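Dropping the structure in here first, questions after.
Think of it as A, B, C and D in the order they're written, each chain with its own count starting at 1.
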């Protein structure tokens, strides 16, 4: 994997996105995610209403990859139901593991498809998936039965 | 059948002369020799992939991490562990047993509890439990052996009871060669509510291991008895136990957040792996597992059984020699202890060493057993897949001269 | 002067390409590469002398014992330990520190005591003390740093006082490269009645070590940062302490008499070495010490100092780069941490990796320090005797392109 | 070192000596010596009177080397003063380490000179010296000032 396909304009743009990196005044759910091996440390805040993500944001430190991945994720999940979010996270994680075959599934990830080949850079996989793992934990805590 | 010529040619250490005679290495229960494939795997790692694993984003660090985790996957498969989270690398079986004793034992065992071990346990599966019992006010109880060096299951059922917090036992005794009916004992102990710690140090090189079938709560072994380097061992533990246990060694790699006054810990299995791991040891262990898998258990077991059978027969013919252990091939592995009347094992060892033969003399780190058997020590031969019947002939020939050297008429 | 060509040719790992570029290995503080002499010593041991040491009376077992003890003698001489009894082999520095914390700490530290460490300690010299403090009701106190990343001796004298039971401190910080004025601090702490534990993991590869001159009560280091294999570390401890300390790991080798309910322990240093030791690791460490001695400290220090000086100069010229650590050559070793404005160390590491450069990114197992400095992480380069100024030029060239890759104008 | 120079007639004879291997009824001092690495386990009993070894004996298990060495030692020390015993032990241990140059010193060891070359058989050195180490400890405990 070349540097230019890793640090694309899209990823760099998202990595500096200040719009999604903020505090949610009225978050209904907050979850911290940490990668002890590289120090990425992000906190995701969700505002849920009737099972839907009304707003979402994040804060914390991390490399360009983790910041971009988090920002794209937040764009993607706004307005979705818990179930939709869970499905999207599964598709994202599946994509990273190269387990998703169907193009139309990948398309659902919108911009986050940018991380499709991150497994070619094993040192960075954890950066790309951190936010998504954290999100799924947050959702599971909200809906413990599911 | 094993192609023994080819196999021997793969072990450089076996080709040497000792005291002017071809080496006859019969101390495999102490440590094994390494095949070229393992030597090369370690060397290759050092020359091409050496880095400090985890926390690294450069090529060598990533490679080291991948190779370490690949080795863990091989170990998990080898012992049929359901997950790599349950495979912790230690420096040897002893550290693994101490980890369980310190972390599980000290946090779970209560005053009045009982810990049960077998009288034939290796000191490494004995002294840590003595200590836990002493610190916690628990009682250490023993399973004793019959005249045939077997565990009497009926008597065992009186010792293992609802007070038993931990049963710690080896599949195969390093001092007797006996293979105990572990699955039955484990079942019984589980029914009594005990947690079961299994010492596989001796069984792993000779019998296919399946921790799920054994239903072990914890299972340990050492790489160096399995054709792998020294300095690497394994603790398997059920996730349900490991996840709630406090960490043992503290330091780098095993932490999550560290603040000045508090620390939270990393996920399994890393929570139990503090400091820089022995990556080359793990790589070597992985290569040793590959080596064994390629040969296949069927051939290994068949070969070792035939050696054991032959050795039991031949040794029985040596005058004044007494085998200390079961003679029932179904109940024993390729480790044979014996005494030779009037001859101290240490002298025997020195004498046969002159014929290039490596055998072990002493208490085999099982002093309570020796005491129980009222023997100060024994001689022990132990076979591996690379030994031959010719080597047993050389042994028997050499043994038959020992009493002469020590001044006996015959 | 060092004959750097010859030296590099002795390290097979250094000759390789990474991502199509010659490897520039600047992660020596994490782990070092191994010279051919060490690779060969380990291989030779495995092919010709491999046996389980102690308790063996056959040739290979005797050889293994002798080689293990010979390695111990080399280590003792290398750190100027008065006796080999005071040299305990562990698996790494982390285990050595845990041994001291578990065995000395838990048995000697009392409620109300204070343990003092430096804010820059590696987690391995920090988390074990947190635990001891927590279990014993002691207080863990920190020495903080000045703006120049130095220990303020006057402030230190307020923290270290008659309540201080243990002072645990590294000679050289792996996160900052600072070399602390250890002898003065140790002296002061001793005068207050404290016991002093010194972490030499980073200093041992760069500075001549003299545990007697340091007056260390305990001193630890790891082989793998000193051109030796992974899986071997050293605890030096004064006999006056070691002899009265309870054992740590229990099992084979470390016992004297074992009965069913009681155990007495072997002499020093064996009391602290349970289970089969990593003989090949010790042999490799001995060979690494031979290798260093042959080159000589003078040449090593001179070379590493000139690299450090050059690197500090060159890195200072890189725009947006800030060095996190002392710029005073007399107060630092060849480990340099830095930040690059707007660039996360992990991205820096990935980018320079494409130029074959191995550097480390992260908290360097020193989270409390990072917190204190209010930095989430830094990048770190660390030099060894085999690095060159040309490699520093390649690093600087590569670093100057990083901001461009990350989308900055310059 | 060949087996025939190790297991000499003299050594074998002493290794079976039952005369020195007995219990001393009126021992004034008893000391157990143990070699954890090979299991040799002997107990030395001394009957001291006015600083002299009036009688000595041993019991316990061990290999031919340790038994013979113990027996020879006992023959050697009977009738000697503590100081003489200490000197003899030093000479014996020095001989093992090849540190004794003078023939006449070695001669003082009488039969125990049989172990002069045991260092060529490193696995057996501990067997040969066990009794002597134990004896010196016993004597030191008797005369703590010296």
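Please note the rule applied: a contact is a pair of C-beta atoms (placed from the backbone, for glycine too) under 8 Å apart; a residue touches a chain by one contact, two chains touch by 3 or more.
Here the structure is a predicted model, which means the values were calculated and not measured.
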item	value
Interface with more contacting C-beta pairs, comparing A-B to B-D	B-D
Most distant chain from subunit C, judged by the mean position of its C-alpha atoms	D
Length of the line joining the C-alpha centres of subunit A and subunit D, rounded to whole Å	77
Between subunit C and subunit D, centroid-to-centroid distance (C-alpha), Å	46
Between subunit B and subunit D, centroid-to-centroid distance (C-alpha), Å	38
Multi-chain contact residues (two or more partners), subunit A	37-38, 123-124
Interface hub residues of subunit C, defined as touching at least two other chains	55-58, 61, 255, 257, 346, 349-350, 353, 361-362
Residue ranges of subunit D in contact with subunit C within the complex	34, 36-38, 122-124
Touching residues on subunit D, where the partner in the complex is subunit B	2-3, 6-7, 9, 12-13, 15-16, 37-41, 61-65, 121, 123-124, 127
Residues of subunit B defined as touching subunit C within the complex	12-13, 16, 18-19, 23, 25, 27, 30-31, 33-34, 39, 42-43, 46-48, 50-52, 55-61, 91-95, 97-98, 101, 119, 122-128, 130-131, 140, 142, 222, 224, 229-233, 249-253, 255, 257-263, 274-281, 346, 349-350, 352-353, 356-362, 365, 367-368, 371
Residues of subunit C that touch subunit D when the two form their complex	54-58, 61-62, 65-66, 255-257, 266
List of subunit B residues in touch with subunit D within their complex	344-347, 349-351, 353-354, 361-363, 370, 376-377, 405-407
